[in-house]
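The following blocks contain the structures, represented as structure tokens.
Shared between the two complexes below is chain A, which has chain B as its partner in the first and chain C in the second.
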Partner chain A sequence: MSDATRTEIATDTQQGWSTRARNRFIGVFRLSPTAAIGLLIILFFAVLALFSSWIMPHDPVAAYTDRVLQPPSAEHWFGTDGNGMDVFSRVIYGAKFGFGIAIPAVLLSLVIGVPVGLIAGYRGGLLDEVLMRFFDGLRVFPSIILALAVVAATGQSLLNVILVLGFLDSPVFARVVRAEVLALRSSNFVESAVAAGNPTWRILFVHLLPNAIQGAMAQTAVRAAWAVRISATLAFLGVGIQAPTPEWGAMIRQGAEFMISGQWWVALYPGLALIFLVFGLNLLGDGFRDLMDPRHRSGS
Partner chain B sequence: MNDPVLTVTGLCKRFPLGRKRFVNAVNHVDLAIAPGETLGMVGESGSGKSTLGRVILRLLEPTEGRILFDGQDITHLPKGRVRPLRRNMQMVFQDPWSALNPRMRIRDLIGEPVRLHMDMARSERDDRTELLARRVNLSTEFLNRTPSNLSGGQLQRVCIARAIATDPKLIVLDEPTSSLDLSVRAGILELLAEIREETKAAMLFISHDLGTVRMISDRIAVLYLGEIVEQGRAEALFETPAHPYTQALLSAHLPSDPAIPVARHVLEGEVPSPIALPAGCKFHTRCPVAIERCRRDVPAALTVPSGQQARCLRIPEGGNILERKEPA
Partner chain C sequence: MSFHRFLLRRAIMVLPLLIGVVFITFMLVRIGGLDPVGKLAGPTATQAEFDSIRENLGLDQPLWQQFAIYLGNVAQGDLGESWLSNRPVLTDIRERAIISLELLFWGVGIGALVGIPIGLRAAFRPNGRFDQVTRVLSLLGFSIPTYWLGLVMIFVFFYLLGWAPPAIGRMSLLVMTPEPITGSYLIDGLLTANWDAAWSAASHLVLPVICLAIVSAAPIIKQTRAIAIEVLASDTVRYAHACGLPEKTVRKLVLRNSAVPVLTFVGTEVTGLVGTMSLIEYVFAWGGLGQYGLNAIISGDFTAVQGYVLALALFSVVVFLVIDIVVHLIEPRSELS
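This part shows the complex of A and B:
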């Protein structure tokens, strides 16, 4: 008995990181299968984005003018587009844009939304009213239309798309954090922190933030899915990122005109990639929500 | 005689309740605490004792009156200028489970007031933190844990360590033992008594438990509906209580020796609502010796022969003393 335990412990410490990672993943999978599947899909796309230069068989912007609009083949798995570019390579490269827009946009939303939520919730009163009404105002407009207008007005660049999405989505995080802070504001540990002589910034960022951030963190995956979706929509509508940049939305726009003439592969593959990444992020988001809220936890 | 650390005059706290209605939580309170002195504040739940403690420390804004702390009028001092003064006025809360940030380590919780108010290098602060932990009899092995790993008594020791971390001149203790197990209580009270001897800090000890207050206080103030009805030296107040309310409170409190015959005065009725305070003497609705005059006239604080001050209209004629009923 004791010998068995000892060997178990010994093997446990000798485990490589891959085994530990696998065990960790199995742990997450048991807690929330949804989150685990979402995580797998996201990891798949992350690998594509990070190692695209090794995976891509062709240069995503090299135009083979002699092979325009070829159907999928052994040489071009997903066929070629109207410029004779390899769709497979372009879809893989497009993952870079998905993450390259979603991650900084969500980070920006957090950087703006979380402090606003903290201050509005803690101070309350007029400041809270003004900040929250302003943010409500932002959310009254359909976000795509607002994003379209702002990107069109401020200039067509990747950076502008990120800034606009990040700013437009910050009210989501402000709301979540504010709600948590409202519940915590009158709690004893906050009063005790005030009594100890903490300045307001320390109350907000040292005492309230760590206790109020989980809800916002659980939202990040869903908001990243939103950012991927909206940025692709913008590109599809011809705002922001322009063809022939290998961005999925821009590629779908390019391919749309060939759908009627039967060259379905130009739009289909970037479309599928987009659907799967958004699906993966949403699954992870649902998983986060399940893990956060015991009422949503299925079984046990 | 030293100047008092804290002098409170005519202090009122009203919470607005919609149109022209107020909760009168604290009503015209006068008190003073000398350096090293412990004032026990006794009252039933809802008597405004916790509110009073918070207003004194400017955690709640006073509605009326004056708070003089360490010779300085802090009644309407802006928050930013009160903050540095908190080095000298700290508080211990009733419920240690919720009074500590659940995501901070004990080391950072105890070290926090030091960090905020004392200009110390990190290593000095760590040394002081460990010293404070040992002072409150908390093993230093807990320093790297979070509050959820400690028991109620241990957490209250952490709160006390926080409160004494900057050597404050005044510590307000808001029912520091009432949420703890009886077995843990004695240890905490002993610790507080030791700290009082060592630091010479003035204490305002708020409690609903007369026995606890008697153990630790030099003087006692009895609060009823936000008003101090009797205030004086602990022995005098316990031996010869002047106000009928104090007498009733004491008779409800069991003596340590079961052989002592207990005269029971059970108060009838409920504490009146602090939204609509009774006219005249606030205690007249429940007072066994109330007469017609008590409904109209507001009693002033009178000094009785045993030295304490009480607010009862019947003191001059001696009608304030409840009949000592011998138990059957």
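This part shows the complex of A and C:
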């Protein structure tokens, strides 16, 4: 087989796959343009995070001591920071932290919040009352203050930031699932499942869960946006992740002092990256809501 | 229900919440890894010095005893002394609260003045051009980190354009501070006819207030739109339409019926924005309660953190009380409960 035919076959199968993906994407785009744009932005950052070692022109923590605080140039696209590190490479590497914190934190919130919501909604009574009061009490605190206090008190590490964010956000999912379960509790399919002698755990996780999880899943993108934002804010305050780790919030902290002396590039670029990732997640979340609730669907 | 009985009932209902909040914070700061003793003693301290500091602060006693003593003191209006500033926490908080409230008032006030009309206009033509644009803009507003926005504004308006004063504190150091009456430099300056001070205070307020207004407007726009759309679909409004009332009258009706939920939302937002405001204060070196709280948490100043959190909880209690009263005034049918 000649080289030419081989490439032809390769591009042919590739095109088959990419056309299918494109068609599906156009389908989503028609249903909710916001969700599609959000998805594109998230994919862009996902590529940066996964392939950062190929994309980064420099080592993100290599200090070029002879090139401190240089403005953007052909060699350093986003300039260099106060340690002489390449801001462009650091911004790309920072995407890893965005996903690396948001994904496990949201998963943890789901793993805690969903069963709590299921049980509280199904059982009701004192347990439900106490849990809901406790969640109400937590809402007195602004989330950033609460997260800051808990991280500062329990130890400053990346793992701890993830755990704290996951725990603090679980009430959001618990509430949504609980509300769904309350509505479903006395429906026919649950009553017949009880009558058929199913144990409680089976009713909760086999019968109720698939019907009650939708609302919680629709929240995941918005909660991921929250996790990315709060973790960056913590790093900006110097709590949790510390400089010179190439995390966006920590980089903004490093760049803060240079804003009043005119070296804008140190803090500007990580902030822009942060905005776009959070914006993408919020767009996707907004689109999820459209798709779930036809009343809000745009264009109808 | 009479007004006095309403207030009394509310106070009784709030008490367990406040005690719960004090308890949670008290335990959180003590059980965790924060250690003020190490910070106060310094790196060269001996074990004896450590022990004596610990004893002075009362940290050698069992936790429940510490909590009982603290609760007793709080009941008498004594929040203890800050271990960093060596001043009574209550004085610290009282001085700084007005500074933060001033910022919060202008920020949320302008945010609401801008956000509510935009949200209404978007709701009158859902999915129109205006609605689409404001929807994306408000989502963007949700995504911008406040502190970064503050830094960029400082760069543009102070460094590049030179319009804004340096972002350190609430007034230029070269201007005489006005006679303290309310604690707000702007109002005090106006009251005592100290125009220089009032001008300096106002110019220092502009950037942080715009920052807060942008961040607070985004959720207000979104929520106002949702509320107004619901009101537009309500039976009342559909009936008004069916009766052939002119568009202007119908819109007045929509405004009237959206007022209560919108107001309630703005109120809840005020309490939620306290965190955002702390960050703005941090960036602009504002010296208010928010910055005080952040510093206390980061440096492990137990008594200050407890006082700060208690102040936050009280603040949200008062805000919700005020909302309920205002809602009752607008809508006398609603029960005070």
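Following the convention adopted for this analysis, the second predicted complex is superposed on the first by the 284 of 300 C-alpha atoms of A that agree within 3 Å, B and C clash if a C-alpha of one lies under 4 Å from a C-alpha of the other, contacts with A are read in each partner's own complex, and residues count from 1 in each chain.
In this section, a contact is a pair of C-beta atoms (placed from the backbone, for glycine too) under 8 Å apart; a residue touches a chain by one contact, two chains touch by 3 or more.
All values derive from a computational prediction rather than experimental measurement.
With both structures placed on the common chain, the touch criterion links A:225 to chain C but leaves chain B unconnected.
Using the contact criterion defined above for the overlaid structures, shared-chain residue A:207 touches chain B, although it does not reach chain C.
With both structures placed on the common chain, the touch criterion links A:111 to neither chain B nor chain C.
Residue contacts after overlaying the shared chain place A:187 against chain B, while chain C stays out of touching range. Residue contacts after overlaying the shared chain place A:141 against chain C, while chain B stays out of touching range. Touch counts on chain A: comparing chain C and chain B, the chain ahead is C.
Touch criterion met: A:195 reaches chain B, while chain C stays clear of it. Touched by chain B in one complex and by chain C in the other is not one residue of chain A. Within the complex formed with chain B, the residues of chain A that make contact are 187-189, 191-199, 202, 206-207, 210-211.
Listing the residues of chain C that touch chain A in their complex gives 17, 20-21, 24-25, 28-29, 31-34, 127, 132, 135-136, 139-140, 142-145, 147-148, 151-152, 154-155, 158-159, 166-167, 271-276, 278-279, 282-283, 293-294, 297-298, 300, 305, 309, 312-313, 316. Put simply, chain A touches chain C in their complex at residues 34, 137, 140-145, 148-150, 152-155, 225, 229, 232-233, 236-239, 249, 252, 255-256, 259-262, 264, 267-268, 271, 274-276, 278-279, 282-283, 286, 298-300. Contact residues of chain B toward chain A in the complex are 57, 59, 83-84, 86-87, 90-91, 93, 95, 98-104, 112-113, 116-117, 159, 162.
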